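Take a look at the structures listed below.
Below, subunit A partners subunit B and then partners subunit C, in two separate complexes.
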Partner chain A sequence: MKKKIIFVCATGIATSTVVAEKVTEYCKEKGINVEYQQCNVASLPTFDGNADLIISTTNVPYKLETKVVNALPIITGFGEEELLDKIVDILKEE
Partner chain B sequence: MGNQLLKIVQYVLGLGPTVMLPIVIFILAICFRVKVTKALRSAITIGIGFVGIYAIFGILTNNLGPATQALVKNSGINLPVMDLGWPPLSAITWAAPIAPFVILITILINIIMIAFKWTKTVDIDIWNYWHFAFAGALVYSATNSFALGMIASAIVAVVVIKLADWCAPAVQDYFNLPGISLPTLSSAVFFPIGVLGDKIIDKIPGLNKLKADPETIQKKFGVFGEPMMIGLILGVLLGIVAKYDLKGILNLGINLGAVMLILPRMVRILMEGLLPLSDAIKKILQKKYPGRSDLYIGLDIAVAIGNPAVIATALLLTPVAVLLAVAIPGNRILPLGDLANLAVMISMVVLATKGNVIRSFIIGIPIMIGDLLVATAVAPTVTNIAKSIKFQFPAGYNGQISSFLDGGNPFRFWILKIFQGNIIALVLIPVVGFIVYALVKSTKKAAEKANVTL
Partner chain C sequence: MNVAKNIELSEGLVITEMDCKSNKEALEMLSEKLFENNYVKETFFENVIKREENFPTGIKTKTIGIAMPHTESEHVNKSTISVGILKKPVIFHEMTNENETVEVNIIFLLALADAKKHLNVLQNLVEIIKDEIILKSMLNMSKKEIVDLLNKYIN
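Right after this comes the complex of A and B.
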């Protein structure tokens, strides 16, 4: 199965790349095929409804249909494993 | 021996960043014990990122170059300096010879500062070390002294880490980020300006009562949040003012939209290549300080940017930046690449005003005027740095490059001028020092008061 994720950070370039690499690698290990895009926070409303999951490094100031997960543990390294497992669970449920 | 070493360095530099940077990063990655295959793969990725940057830079100059010429001819608006935005600027900095040394010295400085309890911030945000390296690269380029460049980078790193400490309590409280501080230069240096501006507005009757709802602004100005829409709108406007025909106007719009979307993606490829190295350093720092709850983890501003007031203020400021660029005498840069990144610049101002959009907007205007003039003044030096690392300029293009926000950063410019021995810059050291000291005291007092009332 192919899942679509949107990764979000300040400008959609630096920090979201860190998160995207980690998540896609982990998902691959767990047998989930991930297709993804990155964007800045303010672009997010245009992506709503077009993905299985939004993973953001920061608070998302919009009411969105798509489920949002905060990626802070992946950047700090504390609670990273748990969050990656949670993401995999969510993707498998969808 | 020394002469030979210099010759080797010059030869490696002469290879250009597409070849030189992979070699340097590969060596660094091996030093930090990244696996050879992984190091090799990421080193090559970095070179490829640069190839991509060149390709899109070519599209930018082919479109924007003639447009700025037509603009000055047909409307008298002279904005020939190109705003690449921060991503290419960071790429150029990573390719500067000073960068690897700045990484090492910043780690060292951070460890020493923590050991002596001069800071609580463990800055694991390696990618943003480029901000410190860029200050050094500017000073190195302007003074021709590598040593002065290193000292400049070191001072900048210390100041930014201290700034991160200062605003950490507010960051943790207002952005709800426990245990975190934000040593991102492009945001942190505006915190004192925000605090000062907030205090001034406090004293202005009428103005000090104004508030705006972030959500309404997000809805009305949402279009200014998307890089490609900003590029498109700016391109179309530019085409109209430069008196292009309809075909020309539409083409310029699409092409600038394309540049805004694609150019940062090329830098992202470069970023992917840097990941294993930054991961390795991050792990070393994390291992060194396990479970120290008295320390802050220093992260990129990316974790705070989603605050509604930050987004709303940045959206409001975006069209104003373009108006200011045209209106302010002495400005020569046309904001483009950094136009979608105003949230980074304004985030700490929003923090200082506790989320007041009107106040942050007002304080943002003089900051942007300063940024425009600094970005203009610093453009020759930035262009020199780019040429010194053999950054490929398209044939026939001999204009200047800069970046609105990160080229225009007033703090780095101040450091540059100090190292050039500029009298005003030197006089400003005690003046700014005193003001910041007073501001730190006042924010501390306010924090204590808040604790008492709780």
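Right after this comes the complex of A and C.
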């Protein structure tokens, strides 16, 4: 299964990088090949509709077509497992 | 040791027992250290504040609040992390919910020239953030102990 994810954070470099690694590795273990891009929140609207999922570590102040998931649990560790499973479920549905 | 993946850490960039009235004051003190030592450009501080106002970096863990402010790489000369330990917490806003406040005792001010190159550093920093015991012990460490700790986990 191949899926496209956009990882977004405020600057598009720090937290989105860490989250991207974690998520793509987890998905790979579950048989999902992830193709991804990172961006900052300001440029997010231009990517909307182009991905299967948007995973964010910041406030997304837009109404978007693509589903958005809050990835803070991956940084704090709280609810990280559940979040990763939820992401896999969403991707399998899309 | 792959030098490209590691970053320079030094005691000169750690301030313990900070006593500040606001997050801006704390960030100013830490940014000064970075600027004095040539790790960042003059534009770093104002951009960190601007970014913090629009996209806060406060994170609530089980007991201690931390913040990991940073800004775009164009304001950074050399990658490093400046650490501030506060006796009395200052208020930051939460990363994914700007209406929530976080009482922060530990600030990891990140100066990243190239985040992809330093992915290891970031991942390991996140591991420290998830560890309550380490965070709590940092509150009482000396500057040298903090640098040794970060070097152990991050480099």
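Convention: the second predicted complex is superposed on the first by the 94 of 94 C-alpha atoms of A that agree within 3 Å, B and C clash if a C-alpha of one lies under 4 Å from a C-alpha of the other, contacts with A are read in each partner's own complex, and residues count from 1 in each chain.
The criterion applied here is as follows: a contact is a pair of C-beta atoms (placed from the backbone, for glycine too) under 8 Å apart; a residue touches a chain by one contact, two chains touch by 3 or more.
Predicted model only: the values in this text are computed from it and were never measured.
> Which term applies to subunit B and subunit C once both are placed on subunit A by superposition, clash or fit?
clash
> After superposition on the shared chain, which partner residues are touched by A:55: those of subunit B (first), subunit C (second), both, or neither?
Touch partners of A:55: none, neither subunit B nor subunit C.
> What is the contact status of A:5 with respect to subunit B (first) and subunit C (second): first, second, both, or neither?
Neither partner.
> See if subunit A has more residues touched by subunit B or by subunit C, and give me that chain.
With both complexes superposed on chain A, more residues of subunit A are touched by B.
> Check the residue A:69 against both partner chains and state whether it touches subunit B (first), subunit C (second), both, or neither.
Neither: A:69 stays clear of subunit B and subunit C.
> Let me test your reading of the model: by the given contact rule, A:83 touches which partner, first (subunit B), second (subunit C), both or neither?
Touch partners of A:83: none, neither subunit B nor subunit C.
> Answer with first, second, both or neither: which of subunit B and subunit C does A:45 touch in the superposed model?
first
> Choose the clashing stretch of subunit B with respect to subunit C from the list 183-191, 219-227 or 237-245.
Only 183-191 shows clashing C-alpha atoms.
> Shared contact residues on subunit A, subunit B side and subunit C side combined as an intersection?
On subunit A, the residues that contact subunit B in one structure and subunit C in the other are 9-11, 13-15, 17-18, 21, 41, 56-59, 72, 75-77.
> Report the residues of subunit A in contact with subunit B in the complex, numbered from low to high.
Residues in contact with subunit B: 8-18, 21, 38, 40-43, 45-46, 56-62, 72, 75-77.
> Where on subunit A does subunit C make contact in their complex?
Residue list for subunit A touching subunit C: 9-11, 13-15, 17-18, 21, 41, 56-59, 70, 72, 74-78.
> Quick one: which bits of subunit C touch subunit A in the complex? Just the residue numbers, please.
Against subunit A, the touching part of subunit C is residues 51, 54-55, 57, 59-62, 68, 70-73, 95-98, 110, 112, 115-116, 119, 122-123, 126, 129-130.
> Within the complex, which stretch of subunit B touches subunit A?
86-87, 124, 127-128, 175-177, 179-180, 214-215, 218, 222, 224-227, 264-265, 267-268, 271-272, 275, 278, 282-283, 286, 297, 299-308, 311, 314-315, 340-341, 343-344
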